[in-house]
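Letters A, B and C mark the chains in the order given here, with residues in each chain numbered from 1 onward.
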Amino acid sequence: MLELRGVCKRFGGVVATDDVTLDVVRGEVHALIGPNGAGKTTLIGQISGVLATEMGRIVFNGADVTRLTAHARVRAGLARSYQITSIFRRFSVLDNLALAVQARSGSSFSLWRPLRAERALFDQAAAIAAEIGLAEKLTQLAATLAHGEQRALEVGLALATRPQMVLLDEPMAGMGPQESARMIALIEKVRAQVSVLLVEHDMDAVFRLADRISVLVNGRLIATGAPQAIRADAAVRKAYLGEELAA
Amino acid sequence: MKRAVAVFALLALFPLVMQSMDGLFYVSLASRILIYAIAATSLNLVLGYGGMVSFGHAAFFGAGAFVVGILSVEGVRSAWIAWPAAIAVAALAALVIGAMSLRTRGVYFIMITLAFAQMIYYIFVSLKTYGGDDGLSMPGRSTVGMDVNLRDELTWYYLVLALLALVLYGLKRLVHSRFGRVIDAIRENEARAEAIGFPVYRYKLLCFVISGAVAGLAGALIANQSNYVSPSLLHWIQSGTLMIMVILGGVGTLWGGLIGATVLLALEHLIADYRIGWVASLAPNYQDHAGLAIGIVLLTIVMLAPEGIAGLFRRRHA
Amino acid sequence: MSTILFLEQTLNGVQFGLMLFLLAAGLTLVFGIMDMINLAHGSLYMVGAYFMASFVQATGSFWLGLPLALGATALVGAALEMTLLRRLYGRDHLTQVLATFAIILIANEAVRIAWGSQPIMLNAPPSLTGPVTLPGGLHYASYRLLIIGVGAAVALALYFLVAKTRVGMLVRAGASNREMAIAMGVNIRRLFTIVFALGAALCALAGAMLGPILAVQVGMGENILILAFVVIVIGGIGSIRGALVGSLLVGIVDTSGRAFLPLVFSAFLPPQLASAAGPAIASVLIYLLMAVVLYFRPQGLFPARG
């Protein structure tokens, strides 16, 4: 589904992404873990097209997307959610999701016909809202949602574009146990239709959800494999997990 | 909708009332205000709804005026040709300037729109055959045929009023359309709009071009208003004046352009033409310095608006 | 087209460019450090010129009037910063644009009230009204040479200040990363006021020196402000070096373009067309330059921020 080959990026003198080669297989949930500052968000930025890659290739669904703009990648089926919530705060929940639906259904260079008349758009948005647990909050302004609900909307926006693959950047950031459980359930629900590259610090979630795990340290991939293998890997333990997580 | 009907009914009755009171001058002044309302509304589209602080709007306004002026002097006086030409030229200018400027952000964007607009000013001013620094006098107003005489102040007023109604209606439809929603989203969170699949640059550019085109229409009208095209129409100070109108009237609101133009121009007229006794006793020449009052009013509004100008963004979402 | 003419125009270009630099330097620092777009910068230039004219008339001496005008304008600048502009830091750009635009309107009217609407006289010092003969046989106005000298001296002094002193280091730190500078405990408020007052003094210097050559009149600030903006866009926001390179580029291109383009055009275009096209294109040359620079370097030639 997604192939990264030798991806590199520097910011001035700092190497943020160091020769990363990674695969995400269709239908899998592939977790990307690593200490803070490892360059996970930078890598997500390059995959989604917001940051330019200096060297290497990114291939999505067989097509080389390395030079493709961000919006074109979304159109191709690669969506992303943000670590720091980036929603349309002034809009209602329904309008937020309807926007994402609008993006993938027909041209928006329509200057005359009222958007309000497009029932289908809003019905689909309402359906997605139900999936992410916000069915009761359709008319509420996004800015007034609780943190966990905003994170749900954050992920919902990415899912609303009906992607084939979604990049989730710490979807559970700042969530309590109940909210995290809901998010895990959501990811479980969608994994059938959407491949997932999941960046997370919440190890419970990672080991519950992931088919495979990759570990990023200082911009470099130090291990990739099944969860048990990663858990037992000495280098990974040393760099990140620590001894406390011994099975 | 009811409010719109009421407003336009009042505006339609206005000249008839004035005519009965022998106040034809006020009809002309009102036409002027309505033309500036169109120009300010066009700016409101790109500034208020689109969130693009374009400081070069005078370029499109003035370009439209000059196209009509130049064509008129060259013998092409039909509004059916000259006015669409004015709109087309203004739209083209907006396309070129927008294409270059919209690749930049923030402070750069403001300065670049300003600079390119000033470039257009210098281009027109250097056309010595068409007035240069002194401006261009036109032989008369555009002709529309069908026995309609635009020289008649009342007829002219109603034409301008009709065009304003058209522009406002068009803006209303635009704002509630798919395109309008995307523009609103871009203003709210440009990065995310891009991240859900909208080619943001193209939307901003189209918004910019539409805005420029409408400004061009206003320019065509202002040239006709006084049969004279002044290069000051293109100067960046004029851009600032249009911005003041948008702020006074309400950024990002449908009626903002009309309200702002009315308030500003009426204020200027009142200060200049009506001597207030007690103010005159303090400052005998105060009427020559209307700019001071305007500047102070503007500054006060800007400084005291609680959330800055953002607090004046009154758009709601149902 | 003789070398003497070419040399003269180049010197004129350098002279204008150096004065433009005085405005651009202050402006780019304000943009870079305070992240504030300040349209009233041109008004400080105007006020400086007017102060100069008045002080020269009052004291009878160009050389006495100059420091007085610089001081007075610096005070005005500092006062403006402390009362009004300080409240604009951190606000959105539209607010800053409108507020400083309002200040332009107010300043123009205030000057009109204080000095009247007619342009006022400002003369070069009597000792410098004659030409000087330069190597190569060029007779060049000695006053213009003074301007070049002063401009170059200030550019050097600014370079020294920004690159070699502690204050300069704080300024550079602020320009490239304001939050970091604040975090490091720099007294930002005082730094900002000083930077602004310095910028105002530079504007006054430019206004005072250019006064005898250009007209001292209301609205003189607006025309030169645009050029300063073009300089900053070309040079890069926050960069003094960019401001210098940009100013010289703009000054030389503009001056030479106006002088030579009509000649070049008349060489191979019919006279009607040449006399129209020449000045038209010459006046927009610098904007074309800006467009070209932006195409290759959207952040300017020497952006201060990474």
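Criterion: contacts are C-beta pairs under 8 Å (C-beta built on N, C-alpha and C of every residue); 3 or more make two chains touch, one makes a residue touch a chain.
Because the structure is predicted, anything quoted here is derived from the model rather than measured.
Chemist: Name the graph shape formed by the protein chains and their touching pairs; answer line, ring, star, complete or other.
Modeler: Drawn as a graph, the chains make an open path, so a line.
Chemist: Could you tell me which chain's Cα centre is nearest to the average position of every protein Cα atom shown?
Modeler: Given all protein C-alpha atoms shown, the central chain works out to be B.
Chemist: What's the distance between the Cα centroids of chain A and chain C, rounded to whole Å?
Modeler: The answer is 49 Å.
Chemist: For chain B and chain C, let me know how many angstrom lie between their CA-based centres, rounded off.
Modeler: Chain B and chain C have C-alpha centres separated by 31 Å.
Chemist: Taking the mean of the CA coordinates per chain, how far is chain A from chain B in Å?
Modeler: 44
Chemist: Which of the residues in chain B come into contact with chain A in the complex?
Modeler: The contact residues of chain B facing chain A are 173-174, 176-182, 185, 188-189, 191-200, 203, 206, 210, 317-318.
Chemist: Which residues of chain B touch chain C once you look at their complex with the stated criterion?
Modeler: Listed in rising order, the residues of chain B that touch chain C are 47, 53, 55, 100, 103-104, 106-108, 110-112, 114-116, 118-119, 122-123, 125-129, 235-237, 240, 243-244, 247, 251, 285, 288-289, 291-292, 294-296, 298-299, 302-303, 305, 308-310.
Chemist: In their shared complex, at which residues does chain C touch chain B?
Modeler: 31, 35, 37, 84, 87, 91-95, 97-99, 101-106, 108-110, 112-113, 222, 226, 229-230, 232-233, 237, 276, 279-280, 283-284, 287, 290-291, 294-295, 298-299
Chemist: Which of the residues in chain A end up touching chain B in this complex?
Modeler: Interface residues on chain A, with respect to chain B: 48, 50, 69-72, 74-75, 79-80, 82, 86-92, 95, 99-100, 102-104, 107-116, 118, 139, 141, 157-158, 160-161.
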